[in-house]
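Each of the next two complexes has chain A plus one more chain, namely chain B in the first and chain C in the second.
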Partner chain A sequence: MQPEFETVLPVYIVGDSHSLPYRNMVFREKWTGAWVMARSKYIPSLTAHDFFNSATGDFHPELIGFLEYEGLVRAGRATHLSTNEVDFAIAKAAGQPVRPPLILIAVGEIDVRGPIMRLLKDTYDFVPPFATTLPLLEKPLVPWDVIEDAIDTRLGPLIAGLQQLVAAGFTRVYVQGVVPPTRNEERIRELQSYDCPVTVRTKLVQAFNRKLGAKCRSINLTMLDRWSALTEDDLLRPEYDFDGVHVPPKGAHLYLEALIDDAINSRGLVANHSRYELYYRIACGLNAFQATEPNPA
Partner chain B sequence: MEMSCPYHTLPASSFWRQAVAERSVQDLDPHLASTFRFTRETRMASAGSCFAQHISRALQSRGYNYFLTEQAPGFLTPEQKEQHNFGVFSARYGNIYTTLQLLQLARRAFGDFEPVDQFWTDSKGRVFDLLRPRIAPKGFASMTEAIADAKQHLKAVRKLIETTDVFIFTLGLTECWVSKADNTVYPTCPGCGSAGEFDSSKYEFRNLSVAETGSYLSEAIDLMSAVNSKIQIILTVSPVPLVATMEPRHVLQATTYSKSVLRVAAEEMVRRSVNVHYFASYEIITGARSAGRYVGDDGRTITPNGVARAMDVFFAHFTDESTDQSDRVASRAATPQVTSPGSTEPRIVCDEDDFYRALAASRPK
Partner chain C sequence: MAITSMINSAKRRLKGGFNGALGGLGYKLVRADTLDRLTTPRSQSTELLGGTPNGGDRTVQAGRFQLLPSVNKPPTLCTAHAPKFDPQKTPSQLADKIVAFQQEGITVISTGAEEAATFRETERFDRDVGNRHSAWDWAGNSVESYTDDLKAGLPSPALVDYLHALFSGGDFEAFFRGALGCPAKVANVRLVRSLPHLADGVGPQEWHSDGCPAGVIRGVLYLCDVDAQTGPFQYKDEAGREHTVLGKTGDLLIFDATRLLHRGSPPSHKMRSAIDLVFMPRMPDEDMTIMVVGMNHWPADPFFFKIPTERPADLR
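Right, the complex of A and B next:
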């Protein structure tokens, strides 16, 4: 009896510990019934700030290592754009000959919870430039421009790196917004060795995500935002507070669903011209695998 | 009956020849022995025009207890602190030029006055506090932030007035622009530089009279003294001439009028109240004996030597270090002071810089 098997749609998830809830996640997406499988890589302490070095042009080494391990990058080039016969054969065998791979980057939470939150602690508050239901505390205010500068400094390398990925042909890259922070003040004290009220922490994350989302949009990428599903009155719903830092797998699933929805909606916009040309040449009976040079990763 | 002339009993300081003509510039000190002195423990606050920043800076650099009720977050760089006006004065009120401005600030701090027209939004959506137009370098990101910052600022001003030991105020101008709606006075004319849009239906020019200047100052001092019975006030008149006058007369005349009015107001307060004292920075810089020595080529900028001389005399008279100070006075007078290019000394923030830029931008090329 032949074993039954199906190919799956892989989503490659790489990032800080917020990539862990996706580990071994498999589900049927609701539109076509296809199986979706998360293939994740946890890079300890990865931050937006360490994602990419503009001076050297280098990504975090473990990021490239993951892309290479998954066959998305070979010899410094994106394999989905490659017209190399071996790369094409591998892609066909995996059922992914044409479209760029779906990649989800999960970074930013350490940037907020570390360097940025440390500025405010329990001493200061700030007024973000957007409407929020969270109250302003009776504390000295840090000018928004100062907070914005701090966020921009952390996000700069991430955005530069994402631009490089897009330029290399990875046009279906998504960024997970930072998850809403825990309401558990004691847990924060335990993690950070200082206090910072949940309203301040939450506004910081909101502000960070707004900047992250805007910067992603500016380079035609999408930041996945499940804030309203994860929160009530802008604070994290207790059922999505896994350990004071992460959301549980059901929370991560919300992000993955949003990714799939967007990927299906936008699949007409991510044509892989190299591979289309390859198919055309095969159909015309030509020698398809000539030495063309796809964009380097 | 023989009557002796009353002038015979006066000290040398009362006579021009002994007190001025026979003195060198370095020796000339236009004060009598002060009836008030402060120590390094005395809580000192200050406010006023651009020249007042020299006093706040000197107090801090000489290790006196300069009272800051709006402290910069510790993680700000020196550049960020300067841009956001932390540490320039005891609270982030920016320059206070007129006695009306001082009075309204005090009244606002105690909830007695709420301006109708305080905030202005530029074309990029940035919000400016017209009463503190330079307090946020690019304006506030939102009206909510601007209002929250103003509210916190007024709390800080109230705390300052209620708890400071000494308040030093430098009187700068009599010319000002006010709102026609409620007489709110602005530090600069809206639309002439920092923020706002000039609208003659909303704003009008006023040149405060002797009576007005004096009464506003008197009311401000009375308010402060009522909530803080121990407060001592030191008044001084800025020696810096007007950058421009709105009066239909020569700016030199307008300057003389303005400074005269301010000098009279200061004098009247000293005579009226035992807790008010006068520091003669105006006389030091502009007195006939100095003959422009302490003023730059533009006839307006006070030279570093002039600032230093004024500060040395200030500390000689109002602190308990008068003996040491007189040595410092003599030594500094003998040593040319040069500010080197690229000096890291924080700059004096004057609204006139924005005014000149706006003026240049508005002139046809």
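Right, the complex of A and C next:
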């Protein structure tokens, strides 16, 4: 009798330290019963701003390194769409379906906690252009357009990089919304060497996520939003405050569930048209690689 | 020495004048725009190349931390590798249908009316259009049903056997070799019943293109007579003209669902029962198979896939 085995559905997670709670996570998703496995890469201090360099077209080196390590990129190309004979042989040896991979990017929290929050510290508050349950403090106000400009500046390289990922054929990319910040004011003082009230920090994250979500939608990507599950009255639920910065693995699991819920219903994107072209050519008795590989003869 | 110096000086003046004249025309030692292109960062120059379909051009190289563009889009014509069919050279019973398919992107083939009428009565259209066979390796409908105006069903073993015999026959073997350029197998078969309604159609009752992968074509086998009130199949030709395909019980429409914008029009007064089929290429040494995969369309990767299993309805 042949031993039974299953293969997992990999989700490739790359980002700042918010990718860490996913490490070694496996679970069965509810839709098909498949095992989902997080394959994660922590890139220390990765920010939205450092994700991609629009001037040179370079991604953060460790991001490309991760994609190469996982076999998703070879010689600067998305391997799942490659019609190169070597990539075909690799896929054949693996013996598994070649699908557009599910990728989750976790960046942005350092951008908020660093350069954006520094604009306000404990000195200012701001009025966001959306309804919020959070109170306005008795502090001088920074105009919204200043905050907005700061957010846009940090998000610009990330969005440009996401566009490049899509253009390279990675159409099933998700972005994790920045997690709600800790209520622990001392922890922020310890991290940042200055104070910033939780209501102001939380509004900043809300504002950042709204911009991030809208920009993701504009390029047909999805930002994963589990705000309502992670918060109570818009503030982080204590059970999800792991260390004053990150959510615990059970919080990360919520994001991964949201990704799976979206992806299972977006399977129009799953077809691999490059592989079909090869398959069709072989079935027709044609040289599958002739069209794409110059014949040295 | 003096003569040599004079010659060198004359050479410099000549070069200077020549380059000056070239400079006025936008040239340097190389063309100015060529120089600009050579000195432009790679990202911009690769952007100028546009998307490379399926990563085909291996001569373009990415920088160490860059990604080259590549597209994952369906072809505009799903039967591009079928040679132009010549009925004189390859005579067959369905030769005129192959010609029609190649010219119009659709053809109608009569099959057993009696059998179709029987299956209309015996098959069970007992499901909604929610996808209970969701699988990560298959493109397909959403898990939740999106309309109450359509009913679906899984074919009985008897119907699967009937279709297997039908499509394994010499006529259809020849048809697919002519229309597709290779043998075909059935990637999915499902029952679809369109209930009469006056509201606008949703899903397959809206004008759409399927985005089928290369080599994948679709079929609809009418299980009832279809007149204008029964929700006939409609398509738009390349000139945008609308065509309505009325038909008899047993008529099989085979069409390129990516080439033709199409819909099953909403039936206004009478119920339409049909079998929905997906055909995909089959390797020459492969046996004809009929896959039953619920509300899925086609495998994500034609080389490797499993037949999805069904989940209980209450797991949604």
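Observations
Keep in mind that, in the parts below, the second predicted complex is superposed on the first by the 272 of 297 C-alpha atoms of A that agree within 3 Å, B and C clash if a C-alpha of one lies under 4 Å from a C-alpha of the other, contacts with A are read in each partner's own complex, and residues count from 1 in each chain.
One rule holds for everything that comes next: a contact is a pair of C-beta atoms (placed from the backbone, for glycine too) under 8 Å apart; a residue touches a chain by one contact, two chains touch by 3 or more.
These figures come from a predicted structure and were not determined experimentally.
With the two structures aligned on chain A, chain B fits next to chain C without clashing. In the superposition on chain A, A:P129 contacts chain B only, with no contact to chain C. Contacts of A:L141 after superposition on the shared chain: chain B is touched, whereas chain C is not.
Once the two complexes are overlaid on the shared chain, A:H60 sits against chain C while remaining clear of chain B. Of the two partner chains placed by the overlay, only chain C lies in contact with A:I264; chain B stays clear of it.
Touch counts on chain A: comparing chain C and chain B, the chain ahead is C.
Residue contacts after overlaying the shared chain place A:L119 against chain B, while chain C stays out of touching range. Annotation: superposed on chain A, chain B and chain C show a minimal Cα-Cα gap of 31 Å. Partner chain A is touched in their complex by these residues of chain C: 41-44, 46-47, 51, 54-58, 61-75, 81-82, 134-140, 142-144, 180-183, 211, 213-216, 281-284, 298-305, 308, 311, 315.
Residue ranges on chain B touching chain A, taken from their complex, read 70-71, 73, 75-76, 80, 84, 136-138, 140-142, 144-145, 148-149, 152. Residue ranges of chain A in contact with chain B, taken from their complex: 119, 123-124, 127-130, 136, 140-146, 148. By the touch criterion given at the top, residues 9, 30-34, 54-61, 63-64, 73, 75-78, 81-84, 91-92, 95-100, 164-165, 167-169, 171, 264-265, 267-268, 270-277, 279-286, 291-294 of chain A touch chain C in their complex.
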